[in-house]
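The structures considered in this document are given below.
Shared between the two complexes below is subunit A, which has subunit B as its partner in the first and subunit C in the second.
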Partner chain A sequence: MSLDIDSHIRHSSRYVGRSVPRREDRGPLTGRGRYVADIKLPGMLEVVFARSTEAHARITGIDTSEAEALEGVVAVFCAADLSDVNTFPDYIPYIGAVRQRPLAEDRVRYVGAPYAAVVAVDRYIAEDGASLVAAGTTYEPLPTVADLDQALASGAPKLYDHWESNCSFDVAPHKPEVDRAFEEADHVFTETYVSQRQTGLPMETRGVVADMVDGTLTVWSSTQSPHMVRTTVALMLGMPEPQVRVIHPAIGGGFGTKTHIYPEDVVVPWIARRLATPARWIEDRMENLVASVHAREQRHDVEVAYDADGTIRGVRCASMLDMGSGEIFMPGTAPVFVTNACITGGYDFPNMEARTIGAVTNKTPAGAYRGFGIPEGAFVMERIIDRVARLTGTDRADLRRRMLLRPGQTPYVMHGGGRLDSGSHTESFERALEMSAPRLEQVRKRHAGDPDVRVGVGYANYVEPTSPSYHLTTGHWGGGDAATVRVDPDGSVRVAAGLSAFGQGAETTAAQLAADALGVSPQDVTVVLGDTERTPYGLGSWGSRGAMMLTGSVLLASERLLDKARAIAAHMLEAAEADVVLEDGAFHVAGSSRPSVSWAEVGTAAWVRVVDLPDGMEAGLETSGFYHPENLQHQLDDTGKINAAASWSNGTHIGIVSVRISTGEVTIEDYIVVHDCGTVINPALVEGQVHGGVAQGIAGAMYEHFQYDPDTAYPRFASFMDYLVPTCAEVPHMEVDHFESPAPEQPLGVKGCGEGGTVGPPAVVAGAVSDALSEWGVDLTECPVTPVAVRAALRAAEANRGGGSGAPP
Partner chain B sequence: MKPAPFEYCRPSTVDEALEALGSSESSRVLAGGQSLIPAMNFRLTDVSLLVDINRVEGLDAVTCDSGGVTVGAAATQTRVLEDDGAASVVPGLRAALRHVGHLQIRDRGTVCGSLAHADPAAELPAVAVATGAAIDVTGPAGERRIDAADFFHGPFWTALEDGDLITEVRFPAPPPRSVTIVDEICRRAGDFAVAGLVAVIEVDAGAVRSARLVGFGLGGVPTRLQAAEAAIGGWAADHPVVTLTEAVMADTTDAFDDIHAPNWYRGEAVAALTVRAALRALATEEEV
Partner chain C sequence: MTIIEPISEANVEVTVNGRPHRHRVPARLLLSDYIRDTVGLTGTHLGCEHGYCGACTVMVNGDAVRSCLMLAVQADGAEVRTVEDLAPAGSDALSPMQQAFHDNHALQCGFCTAGFLMTLESVDPAEWRDPERLVELLSGNLCRCTGYQNIVAAVTEAWNAYDGSGGSDDG
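Entry: the complex of A and B
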């Protein structure tokens, strides 16, 4: 899309490109952030959900009488009470329909599934009531499936009686050119790579407050997508959309988990409507670990055809997603498609045949998590390259050099149709290598005298699809957002956008964009987000779309506003419109700065002193723009391919680790990121995104892992004692450098940057540890890389070598 | 994560505390509450009455003499950690407390509370066993002194009876010319250990003379590594490591197996810690 104002900003930018200080930090940092849990309404009741303690069972009875008799309990609701609530829609035609009810009716499919809501005067009593409901619930246990193998085994117990098996989808393209590669290649190896189950884990858990007054239902929700919550709640409760208002107040992180619309988002508003009393539910951390979506649990069975010189000829990869029970809206199926779409990263590698499979298991539903399938694919590709390098005696960095996209090779269409519009794939890798070389020397020197320590280096070159289509994920929504820009009588600017924000810095970004577009200072711009009554429709924040959506929609609206403002100013200056320019925050005739008309004078004319307007001009100074990236595809083309992202960022991560042989402890000694997200609006914000993303990537590489009992599908975690989140003590210092390859088809050349940080670490850490332990032939195929995993790999290597039971040293 | 209903009282003398503890069947002593309160919030433990001993006079004392350190029931971990006298008389206390939780936890958590809680992965019970501490208890059966070696019966299970209150614990000073080392493998800073070791090692002329080796995170109670204690006598830096590691592996065949680590890993880890401790102790002697 080409906007006039785009070039205007490129030339006169004063704020875009600068680290304008964040405006959204004062509340959280001073303890005055107002989160959902801070909302107190008169007479507000507390809701606690009774949740399944069985992984798979029929509910044979729920005796709520003891809970209802408890003093302070107002009501207990079960599925039968919600007969006037619709079923969550199954919009995606090619996946198994789960027909999810807001509360489980007679069947539970994971530990944590909500089946009753206890409403009481306070949380303590509500929990007492929920305990009594739990004690009054009887189950008939059903056989469980705890993992992909169990789910897909023939004769496996089925989660959904109306399905043929536990397989939700199986999309298997066939590529004759890959067959040929296998016929011609010198060698083939097969391997299975595994990414473990994790979650996004926002610091603030989910929460909903609802109140129905005078026919309007107001819902405060800790969500990433308030407009989508409104659309869905109205649909589920059978209400007109204008009578539902969804507000997200301050939000303490989302990381994808809050893109979904959960049973609680519907049940709490229903309770508020039913009881005509405000009601709230705040997810506690115990619930959060089972009741908010999990992610990343994938298995990849690969076959790799390669030549003796290290050339990788072709890859077949079956990527399998463990969907958990699948009972989540939107479905958590899309990440594995993204895994396959992005699996070849920044490499020129078209000969990929990627099959995509999803299966349901008796675990918490899988869904979105920052990175959204990209890290799993990068892990597979980088491990494959390292393996081929080792098998053929090729230098790992050289092999990557041979494969990376070179300058001038973009636009480049990937194996699945993703269109890399631009990027710095080779340049980023070379820069990162330069940065890492002296550091690697230092680390080697530091540990040279210790016979118990080995040092290794790991690489990842990835691409990050930004501003993706939401149609593949939801089967319903698309991929655009609206913004409204208004200039008030005093000349102040108000920007309202359908995007939401929870720490990324979208308010700061929007103010920078509007300030440059309208020639004012960011301090003059008020930004409104996160309230469906005060903002135009938008899909919220996810998919690294905020920067691009704000740029497109704010510039579009600003351009329209500027046209009208210039006409008003020209009239007041008694000049021709074409001669009027905007400079230093005021309009004047080109060539002479006096007389001039200020924004306040234009705003006053537009709203108040309408006598100053040109004859026949409509009053007011407020314009909207709905931005939709024009090259963004929502559906597969005839060849089964799709470019489901508006633009593609890229980056290189290099990590240097030391490994203690005797204990398997791994230390990340140095971590380097070279990142390219096109034109940078605010360098400090981008840097923050990279740091936070890498921290979460390291969580996946080394720490976080939801484990379930293989025999019972029962969670083997209950708290942060079992689910290990890295702290500042575990996250290393990182060096970040940038390239800026502007997106050729996007306003200002902006791309997204929210997720790339998460992508590298699993591949980098597994690669670096394998490198460190290469003398034993260790080649890791799974994350997390724990001390136990390292020792197990060393023991296995020693056993393979026939070295007896003892592991090194 | 809200507790079931419970009563609370805050006595000001030991006698009042004992009376309160005896007045209710599932009464519990509240000192720092860093384990008890989360367990109540998780509804994992049934408590009808919390008896808060933080205002009981005289229970928060930390006293040192050349023979050892005495820590009262309400003395916080931070208080002991920061006590230079305690650190010089019983170095294992400071060494262990550095590994206990985080600042906020140590500011409230107590040394005696950690012993009474008897988490098998905790450092302080192992220090108590390694140093031969004596635990003073008062309760319905009167006052008595329990050796640390007899105090820990299993995970979260001690010699304490219903209505008992630990009043203080006495950690005796280790032998002269000994080095105390507390080391552990934990996944994150401040975590409970996957496996750990408290070693009190006496060195003489470049070799280990004898050592008290107590593992934690291995089994239900702090684990004396008896084969390793036998094997380490006379060991020197140029001796084969395998004599130590094999002895530790023999001591740890029954180590825990859970989501954090299989038992073989715990054995290997403590073996590595034992070697590291011996080398450090020998190096320390050289410096002196």
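Entry: the complex of A and C
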């Protein structure tokens, strides 16, 4: 997209590029933030869901009579009551259709599946009612499948009777050049790498408040995508879209889990409509752990062809996603495709043949989590490189140097069609190496006298697709967003965008963009997000898209607004439009001493004193822009490839760890990030995104793991006591440095930075610990790297060597 | 031995942020729900209701307390302070700690922030300013957005300023 305003801001930005303080802070700091659970409406009823306690069963009976008899319970609804609600759409043709009903009818496929809704005058009574419904529910248990092996075994119990097996999809490209690489290479090794089940886990659980007044259904939802919720709720409840309004108030984090549209998003509005009373459901943490999507559970069976000098000739990788029950809208299938698309990271490595498989199991549905498949792929690639380096006696950093994309090598088309438009792949790695070298020495020195401690270093070089296609993920939506810009009679600017925000600082960002575009101060800009009635259509915040979508849409709308404003000002200045310039927040005739025309005067002329407008000009000063990146593809090309992201950020993580041999305790001593997200709009916000992403990455690398009983598919977690979210004591200090390689095809060169931080840590920690324990041949293939896992790896190494000399204590 | 009859309701008198409140409440009502729903101060957030995440931290008689682990009736006669009481009344100013959080980008979604602020409000900085002690103090509150680094920076900055100003009152 070519915009005049784009080059104007690049040359004379006053706010873009600066750490403008956040406007979002005051509410939460003073206790006056307004989150979904803070909304209270007159007569509002509380909803609590009864959820399956079986992993796989037929429901043979639900006796709701005791719950209904409880004082304060207003109603109990089951699937049969919702016969006027449509099924969640199955939009993606190549995956198994799950035909999901909002409430389970006669079959439950995971512990936590909602099958009844209890409505009561307060939450405590609604909980009592749900307990009574649970006590009145009878099941006929069915055989379970708890993991991929069980799901894909021949004769496995099927979750869906109308499927041939539990396999939802299996996409297997064949690349003759990879066959050739295997024929020609000196050696081959095979390995299985595993990424464990985790979740985004926002501190605020999900919640929905709904109220139907005068034919309009208003839904307050802690969603990342209010417009998509509106479209879907209207479809499922059979209502015209203009009669559904979805608002997201303040949101306490999302991290992908709130991109999905859940049963509760439909059932609570249905209850409000049915009972003609406001209704509220707030997820509690225990249900959050089973009823909000999980992610990242993948297995990768790889074959690697390599030469004696360390050259990796070709890789075959079968990436398998454990989808859980699959009962989630949008489906949680896309991350494993992203894994394969991004698996080669910033390396010049075309000879990758990646097969993509998804299977359903009797666990919580899998879905989105910040990183969206990228960390799983980076883990596989970096572990492969480390293994080849070890097998061939090659320096690990040198091998990466040989493989990384060099300056001038972009644009570069990856093995799956991803087009790396720009980047600083080699530069980031070299910078990170420089930063880490003295620290590594210090850490080694610090532990030199301790025979129980070993030190290691781990690397990850990755790419982060930004502003991706949502068509591949949803089978329905695309990848653009709209914004409207208005100047009011007093000269104030109002920006309304379809984007949503839940901590990223998008309101601050939008104000910076509009301020630079219109020559005003951010304080003069009011930003409206997260309300379908007050904003144009947008897909929300996910996929590291907020910065680029705001930039494109706000600048497009601003440029259109400026054109009109300049015409009005020229008329008022009795000058030619071409002679009118915008400087210091007012319109002047260039080179003239005539008084200027302010935004307030232009705004007043446009809306109020229309007598001041040029003859024939339509009144008003409000314009819109819908930004859709031109280079973004939504469909595979003839060769089966796709560039499904508008741009690509990149980065390098290096971690230095110490490992205590006797206990398996791992300490991250230093963590270095060099990243490149193109043009930076607000450095403080970008750094915050990096910090938070790395912390979540470390959570996955070392702590968080949803474990299920392999025999019953029953969850082995119920609280933060079993699902270990890192505290301040576990997250190390991060040293962050930046490159800025502007996205050549995007406004201002903005790329995006939401997810990259999560990508490196699993690869870095596993690599660093393996390096530290290399004298015993330890080479980790999965996370989390817990003390137990470290000790097990040491014991296995000892067993392999027959307990000879050099065995760990 | 005294046998206590089960009760379903009880009277509570609690001072919240300096204002007296009197209510008849269900005996099982959590202090967190009492503060949020009965008194109507929603700045105290519920992150887990298991006593783990610290988001619901308030001060009860000067001590930091997880309000999800206490019943409203247990607070009978107590002085409770919540996040709404931190900023100086009647002005747009923030407390030094709130200001430091803002200046250091120590909050993103803001859901956990009140808990951090109340934990910090309840301690004597002199006892916790050592970096290792500070990490220990903050490790009772979960944050999912910031990676904690900017929170540590904010607290350090606020406490340094506190020191420099000769012990002016933070609250």
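Convention: the second predicted complex is superposed on the first by the 803 of 809 C-alpha atoms of A that agree within 3 Å, B and C clash if a C-alpha of one lies under 4 Å from a C-alpha of the other, contacts with A are read in each partner's own complex, and residues count from 1 in each chain.
One rule holds for everything that comes next: a contact is a pair of C-beta atoms (placed from the backbone, for glycine too) under 8 Å apart; a residue touches a chain by one contact, two chains touch by 3 or more.
Bear in mind the structure is a predicted one, so any value in this text is a computation, not a measurement.
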| item | value |
| --- | --- |
| Contacts of A:Tyr703 with subunit B and subunit C, given as first, second, both or neither | first |
| First, second, both or neither for A:Tyr124, with subunit B first and subunit C second | both |
| Most subunit A residues touched (candidates subunit B, subunit C) | C |
| Which superposed partner A:Thr663 touches (first subunit B, second subunit C, both, neither) | first |
| First, second, both or neither for A:Tyr537, with subunit B first and subunit C second | neither |
| Which superposed partner A:Thr786 touches (first subunit B, second subunit C, both, neither) | first |
| First (subunit B), second (subunit C), both or neither touched by A:Phe626 | neither |
| Contacts of A:Ala729 with subunit B and subunit C, given as first, second, both or neither | both |
| Touched partner set for A:Asp284, first subunit B, second subunit C, both or neither | both |
| Partner chain(s) touched by A:Met721 [first = subunit B, second = subunit C, both, neither] | both |
| Contact residues of subunit A, present in both the subunit B and the subunit C interface | 123-124, 284-286, 719, 721, 727, 729 |
| Subunit B residues within the subunit A interface of the complex | 1-5, 38, 42-43, 185, 187-192, 194, 241, 259-262, 265, 268-269, 271-273, 275-276 |
| Subunit A - residues contacting subunit C, complex | 19, 21-22, 24-35, 37-38, 40, 123-124, 200-205, 250-253, 255, 284-286, 502-505, 684-685, 687-688, 691-696, 719-721, 725, 727-729, 731, 733-734 |
| Residues on subunit C engaged by subunit A in the complex (per definition of touch) | 26, 28-29, 33, 36-37, 41-50, 52-53, 55, 82-84, 86-87, 94, 98, 101-103, 105, 107-114, 117, 135-136, 138-152 |
| In the complex, subunit A residues that touch subunit B | 123-124, 127-128, 131, 284-286, 660, 662-665, 703, 707, 716-719, 721-722, 724, 726-727, 729-730, 786-788, 791-792, 807, 809 |
